[in-house]
Amino acid sequence: MRAYAIAIYLFLYAPIALIVLFSFNSGLSASDFRGFSIAWYGKVAGNRFVLEAVTHSLIVAAASATLATLFGTMAALALQRVTGWLRAVFDGLTYVAIMVPGIVIGIATLIALVTAFDIVNDLLLAIWPADDPGAVPQLALGYGSIIAAHTLFSLALVIVLVRARIAGMDRSLVEAATDLYATPWGTFRQVTLPLILPAVVAGFLLSFTFSFDDFVIAFFVAGSKTTLPIYVFASIRRGVTPEINAIGTVVLLVSLLLLFSAQILLRRGAKPTRAT
Amino acid sequence: MAKAATSDDSAKRRRRWTALLLAPAGLWFLALLVMPLAVVVVFSLGERAPAGGYAPALSLANYLNLPARWTAFRNTLVLAPIGTLVCLLAAYPLAYFLAVRTSPRYRLLLLILVIVPFWTSFLIRTYAWMFILGGRGLPALFEWIGFGEIRLINTPLSVLIGIVYGYLPLMVFPIFVSLERLDKRLLEAAADLGSTPWRSFRQVTLPLSAPGVITGCMLVFILLMGEYLIPQLLGGGKVFFIGNALVDLFLQSRNWPYGSAVAMSLVILMLATVTLYLRLTRRYGGRDVSLL
Amino acid sequence: MDRKQFIQQLRRYQKGSISRRHFLGVTGLGTATAVLASAMPELVWPRAASAAEIGDRVSLTTWPNYHDPANFEAFTAKTGAAVEVAVFGSNEEMLAKLQAGGTGWDVFVPTNYTISTYKDLDLIQPLDLSKLPNYDAAAYETRFVEAGSIDGVTYAVSKDWGTTGYAVNTAKVTEPMTSWKQFWDLSMDKYTGRTMVHDYQLTTIGNALKYYGYSFNSIDTAELAEAEKLLLAAKPHLFAINSDYQPSMRSGDAWMTVCWTGDAKQMHRDLPEIVYVVAKEGGEIWSDFYAIPKEAPHLEAAYALIDFLLDPAVNAKEVLAHGYPTADSRTTALLPKELAEDPIMYPAAELLAPLEFGAAATLTDPNRAEIMARFKSA
């Protein structure tokens, strides 16, 4: 069994090792090792389009994860005391949002937005008090559309996670707080929030990861905003240079760093209470 | 709860709060799920504009033409379940090893190591497989060993390898979680009572891990049904999934109405299979299986 | 300067009634930027002192292996605008993106048969030739540039031209190859799993039509049905359907591929065993252009980039890198003499004669689009 586990880990890490190895290739190609060099890291650092793509991805991921976590947690809290048709509708929508493949979300958002933009933009052109048509604001695909589409999927994810946590929560604590005349807000802050926090944090992290790595939705609705996965996809088409490997390695290192610092922080915070 | 709801006033206030809390999510679902899907339905009844795109019409022609994408549907409906199954078979022993056989000291680290690949861009990892499965990768190695000429890239097998690689961690995690909850004393008790390891596994471990298995399979299956990148990069445009057919219809042949019909069918197919799946597995999963 | 004045200046700058330099000067931001730049040069992108006012970027959407990257660096050094290159696989795909809107493209490279459609759909703008001083219509061979002008208005200027034949790795494929008939027959037989075709309708369907001796541009339903039958029969035998075939040919995964002039030239340069065949039945001759989409966000930069690339000295470097012949006699005069006799770039007259320019009708024909899509999803 141990041998099997080792084999799986090899399977998981061989491609990553290859990515890291070729990021140090001095040659031009990502498949033909010519010698050791860190030149590609310099190239990445000096490539404004890579830095921009990373910035776009970070902004989109942070915005959509924040919105999804906020709205999703709010909805999950409200849903615990909702019954009847409203609950059925929300359950259904959450279910469908998770079930609909990303590619369909991308396509549906694209054609809906393009149709809506056509109408709104014509309207704007007609009513805007300016002579120069170039000065009339026009809606277009971009940050808004990517963030909106990513938030949709993440929102459903957060609702499910937080509701599962609430379902497993000890209701008596909330009732006890109410009996002790705590204000609703006080009850929420001191009892409910700490209890659901792990699910909220998990929801945020999952949403962020999903958004940061999403290609297929952004592929349709990004307009001219290049996110990191779109940049990488374009690079694969342009013919891959070790620059892509360098980007991959940096992303990996940064996430590892975040992971281990979170780990250390958690361990420090949790030490006194952790029994098992 | 009953006490707080006695007066009309507080009930009203509570209802207002509930509405306020639900409003943003509700609006989001409405504007970005219900409306776009409605537009897709409308488009799917239209026809292709002369230069491509959408022209209004009211016909079922696009749905009647669905058999023209039969191979893409078949590939998806065959490779998605197979991929899910292979993921499960590969993930279960690992999850079991991590949850039952590893000392708690290393468990977390090993678990993290399963998830770390997720933080390297999915695209870049899949690209690495393009190289490994390509002529200069494994096939060259096999030829050198003396297996003769083997072609891996752009075959269903290479797509399957990409699938298992990409989604294995998603399968390991839920199974691990359900196995970790398992009380090891149950296994010891079973062993004490003379049960063989295989029998204890079958009668104790397996049923207890069912919720994790069911959740993991559903997660992977859902993602595979809409897969585009893996067949695109490792299938060389030869192993087409519905996702690829969709991209092709929207970004090459510019047949939005037909693409909308294919997209709707995918959604319906998806809801049908997953609902059926949840029905069938409910008695094994008990109440532990939620949506995710 | 108080806040109100600043906002006023900013508005004027945004409207374009004052230049960026004026804006930066008036508001004092210029000084601030200059100080910042001298303190931390690595934080500010390199910008030549004499930079024209074209902004710091321009996006170019083009084909694989189609430029000399050094030329882009030279452009950036000269103007301060960095070139963002996106690569597409087909005109059909470019059209689909432009139709969906919001591309952010400044310059793209359409092929002759697409330009009238772009114009009809109002997706490209007429070119202001006064902004392209390096363009000299008289220097170009007419048949390669005429598709760029419609009713006397120039919508696109010539980039280069070429043929679509196929490339063969002669180390693996031993037969002397001369025809599309051989190409398809051997792909389905002896060299199964080793052939690549393009990922778009024009050449893939066109060259299947050539198998039967039909016109490359046919939109006749019966002829197309025959072509589809051939394509479906060949599908299981193909290595891949992909317009970027160089990596697979170079690695030895694929042995034959439908191929454009320049790709053949580039591969042959590095791997002499890869040769180029212009099939005797005919096929495609084409010309590519530079054009500017209607909604190009960086119009001045778009003109600057096109003009830069049309400069014969720059264009000559492009040709040396990509290996496609140019229709510009000024550029050709700068190229080494032996290129004029290169059989890949300039196939023999009897091979050129039967070639056809792609027809606009193929681009919008729903039948060809659907046959291609069916072929891919089969």
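Letters A, B and C mark the chains as written, and numbering starts fresh at 1 in each.
Convention: a residue touches a chain if its C-beta (ideal position, glycine included) is under 8 Å from a C-beta of that chain, and two chains touch if they have at least 3 such contacts.
The structure presented is a predicted model; accordingly, all values stated were derived computationally and were not measured.
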Interface with the most contact pairs, given as the two chains involved: A-B
Most widely separated chain from subunit B, with each centre as the mean of CA atoms: C
Distance between the centres, which are taken as Cα means, of subunit C and subunit B, whole angstrom: 38
Rounded Å distance, subunit A centre to subunit B centre (Cα mean): 17
Contacts with 2+ other chains: residues of subunit A: 31, 110
Contacts with 2+ other chains: residues of subunit C: 100, 251
Two or more partner chains touched - positions in subunit B: 134, 136, 250
Subunit C contact footprint on subunit A (complex, rising order): 31, 48-49, 110, 114, 117, 132, 135, 140-142, 223-226, 234, 237-239
Touching residues on subunit C, where the partner in the complex is subunit A: 15, 45, 57, 59, 64-65, 82, 84-89, 100-105, 244, 246-247, 251, 297
Footprint of subunit B on subunit C - complex, ascending: 90, 92-93, 95-97, 99-100, 117, 120-121, 193, 199-201, 235, 238-242, 248, 251-253, 364, 366, 369-370, 372-374, 376-378
Subunit C contact footprint on subunit B (complex, rising order): 48, 50-53, 68-69, 71-72, 134-136, 151, 153-154, 236-238, 240, 244-245, 248-255
Of subunit A, residues touching subunit B in the complex: 1-2, 4-5, 8-9, 11-16, 18-19, 30-31, 70-72, 74-75, 77-79, 81-82, 86, 90, 93-105, 107-113, 115, 148-149, 151-152, 155, 157, 159-161, 163-164, 167, 175, 178, 209, 213, 215-216, 219-220, 228-229, 232-233, 236, 240, 244-245, 247-248, 251-252, 255-256, 259, 263, 276
